[in-house]
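Two complexes come next, and they have one chain in common, chain A, joined by chain B in the first and chain C in the second.
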Partner chain A sequence: MLQVLRLFGDYLSQYFKTRLAYRADFFGELVSNLIFELINLVFIVVVFQHVPLLNDWSRDEIIFIYGYFLIPYALFTMFFGFWDFNERYIIRGEMDRVLTRPIHNLAQVCLESIAPDRIFGVFSGLIIMGYAAIKLELSFAWYDLLLFVGLVISSVLIYAGVYTAIAAISFFSDSRTGIAPMIWNIQNYGRYPVDVYNGVIRFILTWILPFAFVGLYPSAYFLRKEEWYTYTMLTPVMGLIFFSLGLFVWNWGIKRYQGAGS
Partner chain B sequence: MLRLYAELIRIRFLTMLAYRVNYYSGIIIYGINIGAYYFLWKAIYAGQQNLAGMNVEQMTVYVAIAWMSRAFYFNNIDFEIAQDVREGKVAIEMIRPYHYLSVKTAQAFGEGLFRLLFFAIPGMLLVSLFLPLAFPPSPAAWGVYLVSLLLAFLINTELNLLTGVLTFFFFRNDGMMRAKRVIVDLLSGLILPISFFPGWAQAIMNWLPFQAINYYPSMIFAGAIDPLQAGDVILLQSIWTVGLLLPLTALWRRARRNLVVQGG
Partner chain C sequence: MIQVNKLEKVFRIHQARPGLAGALRDLFDRQYKTVKAVDGVSFSVEAGEMFALIGENGAGKSTTIKMLTGILTPSAGEVVINGFVPYKQREQYVTSIGVVFGQRSQLWWDLSPMESFRLLKRVYKVDEEEGNRWLNRLIDELDLGSFVHQPVRKLSLGQRMRCEIAASLIHKPKLLFLDEPTVGLDVLVKQKIREFLRRLNETERTTILLTTHDVSDIEALCRRVLVMDQGRLIFDGLLGDLKEKWGAGTEVVFQFKKRTSLEEVRTALGAADYELVPENEYALAVRIPRSQEMLPYVLSTVMSRFDVSDVKVKEASTEEIVRNIYSATGEVMVHA
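Let's look at the complex of A and B:
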């Protein structure tokens, strides 16, 4: 573990060296991430100029949920940014190299695709949440901060588990499946309260691709929506289950992996 | 000359056709997005008949057609140009007896045609199984929509060429191209119709080309712009199509002088 942390530092400095070689590109990407985060905010703000409530949710409550969503999402993309796993590691045969490295192969892949600049996503999430919290006049106890950190970590684990499992599909079939972008788009549903959707979608978002645990369910606690508390408490459980599942599929895939590329 | 470009369109179309399996998942992705916005809008409309001049039926059609129009006008030629520049291929492209930007446009058109036939049309049929969609009533309305969509394609392609050509100056500008893509999605009306924006924002957007990319054709399709006004919309789109050629030619001329070939 300590070794991974030390390597993390090294990869971090390497990352900034390569990225800052093309400064305009680096800042362009920061700006594009920021715009991407703001677009949904614009959507919410503009829509609420026309309606007072969305399924009994007020504008600021929805903004709060969105702000929360941004934080685990940014952390996840920071550490698990291997969207192109299939292309980069399987088709080009890079995975063979990863397997010869001394640390766990998943940790190695994570280190190689790390994106520290996504930390700004955490900041925008915090600012958006803070703004909504002030508007809603929410009050917090000291232990809420601990709960918040715990819930965010759980949400990140859910994302990490789902995407690790999806990346691991490449070990079984090296053709392009197009599943990753599909899941990525489904996750967009998680940004809004799930009771907006019909029962089937709500079920999927809770138990199968549990993206509601990255938005509504944990934030419901801070919004003091007691009807969702059971789900809030389930968040860490789901996080552990899904991350273990992801890890299991990954390790299983590694065993099956026969090498590809030349 | 025209035969050459027709051939380029055909080749790109066939290349896409060879990889059509990759696009079946794309239809589902667009379906997922349309579904998400459909439910969201349904909740937003709850109890209200009319918001910003559109009723819920028109909104449903709008959401569906906006995404399907995007399948046609969307392309990655800015990233392709950037790659050509980075890999030095652009040097070869520029000594060939054709106009590089027109070639890119032809390729984008071939790609767009492919997605229209194999993506947007089956996608629209698929979505209409799940959502209550009302299609334009007359052949004339369909015609106006298609003309508007074609102009939308040209405007979006010109913007892509503009950002793509900027690679000649910056060498790496993926970030900017990505930012442009998100901005186009928001300001073109894909995420929400322009009529929902506050007055001051609309006033600014009236001076920008973005709403010509999606908002106008989608409003025509949804029947939210009456046919008499459609002529004005087409005219406005045509003005933008021609108008954007000016900065594009100017930039292209400078880019050719500025070219640094890095590899090749």
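Let's look at the complex of A and C:
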């Protein structure tokens, strides 16, 4: 684990080294990323101006949840950017190489497809949360910061677990997987208060594909919605469970890996 | 060092039905065909050996190598290498081996080889000082100095291949797998790589396993050869024995002063155990399988009947032996 962290630094510095090799590209992308996030920010604020109350949730509370959601989501896409896993590692056979190196294969795949520029998503999230927090006149204690970090990590683990399990399907089936877009759509629901949905969807978003733990449940704590506190407490547990599950499916898939012909 | 016992790998391949209707049926009822890519292969290898695994495309070489390197899990049988079971203790095991897949790169495309080496040193937790000394030796012996700081994508195939070999050795493995390392390289680069491998084997006692289609690789490097066909090991022994078993035969090439047809030579020689192969209008080869008294007879008969300007006597090359093996096993397959 320690070695993976150290390698993370090495990969990161290599990433920037390659990016900096194309100077114009690097600054171009930096600027376009910033502009993209800015437009996103404006867009969110404008759209939510038109959203009336949803159940018992005020507009600013919904904005807050959305802001929270952006943070684990950005971190997740930063570290788990292997959306082309099937194509790149299975069909093109890069997995062979990964398996002949002495680091856990999932860690290697993550390191190789790391996308540090997603960090801007974290900033946007923080700005949106800050904006909503001021509007709602929320107050925080010092330990809320620690809780926040812990909850964000747990949320990332949930995403990571589900996504890893989906990517691992590639080990079992040689065809391209069509499940990913569906999951992608479902995860969108997690960023809104789940009690606006009917019971079935709520159940799914809580226990099957627990994307409510990536948005609503953890932010409910900071919004001081005590009726959701149990779920907030469950966030780290769900994070660990789902990440372990994802890892388990992945490791199982590795055993079934058939390699690409050469 | 390598112990392989009754190794087996079975692939289950989905058989797609033809047409749209077939595709619809496939949705609900899939048909599978099982293919034994590797079938009961056993052999053992001592430390410091250099040996080649040869066979036609699809003979099971790559699958075998992938099981030996821990990439694939065998369906049955045992593999123990350097005291590890590759697919079970993968992460510890791979620190003791180096792998070069000729068709695939392990270098970072946008980085220079030097940066890749540095990253790999971290991956393998190589001691900084000793690692550098070893790396300098690799760079020196493989002659990488002039391009080691250029991005990999700007290197020629030969340069890249030498870097690949250096990259696979960064952690000083005891065992090196080379899967078709000389594919598409020119003679000079091949020569360089072979010399390097031989020296590596001599000085570090590195065990080297080579799969190749290039017979000259085998002749230059290996004493021991394993031949695979249709998943089975059909030969395991010294290169010399292989020659004797499959290639005991001699070829005599006659160069005539006048145009000479096959038929003329055939009538002159009469019915006997030989084969005529025309080279051009003025030359033809007589292939004589294993009979020792045939050679003087062929030589004297042809020389006395025709105007011969030149005679070459060739012993069968390894290349031909390999061709013999492949075509012979091909026949076996047809009859079976």
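To be clear about the criterion, the second predicted complex is superposed on the first by the 225 of 262 C-alpha atoms of A that agree within 3 Å, B and C clash if a C-alpha of one lies under 4 Å from a C-alpha of the other, contacts with A are read in each partner's own complex, and residues count from 1 in each chain.
Please note the rule applied: contacts are C-beta pairs under 8 Å (C-beta built on N, C-alpha and C of every residue); 3 or more make two chains touch, one makes a residue touch a chain.
What you are looking at is a predicted structure, and each value in this text was computed from that prediction instead of being measured.
Comparing chain C and chain B on the residues of chain A they touch gives the larger count to B.
By the document's definition of touching, neither partner reaches A:A115: not chain B, not chain C.
Within the superposed three-chain model, A:F43 lies in touch with chain B and out of touch with chain C [touch as defined at top]. Of the two partner chains placed around the shared chain by superposition, chain B is the only one that A:N188 touches, whereas chain C remains out of contact.
In the superposition on chain A, A:V31 makes contact with chain B only, while chain C stays out of contact range. Touch criterion met: A:R101 reaches chain C, while chain B stays clear of it.
Once the two complexes are overlaid on the shared chain, A:N198 sits against chain B while remaining clear of chain C. Of the two partner chains, chain C is the only one that A:Y257 touches; chain B does not reach it.
With both structures placed on the common chain, the touch criterion links A:I91 to neither chain B nor chain C.
Shared interface residues of chain A (contacting chain B in one complex, chain C in the other): none. On the side of chain B, the complex with chain A involves touching residues 22, 24-26, 28-29, 32-33, 35-36, 39-40, 43-44, 46, 48, 51-52, 170-179, 181-183, 185-186, 191-192, 196-198. Of all the residues in chain C, the ones that touch chain A in their complex are 11, 14, 62-63, 66, 69-73, 87, 90-92, 94-95, 97, 99, 101, 103-104, 106, 108, 110-111, 115, 119, 122-125, 151, 179. Those residues of chain A that touch chain B in the complex are listed here as 22, 24-32, 35-36, 39, 42-43, 46-47, 49-51, 54-55, 176-179, 181-182, 185-186, 188-189, 192, 196-198, 201. Across the complex, chain A meets chain C through its residues 3, 6-7, 10-11, 14, 17-18, 21, 93-97, 99-104, 174, 255-259, 261-262.
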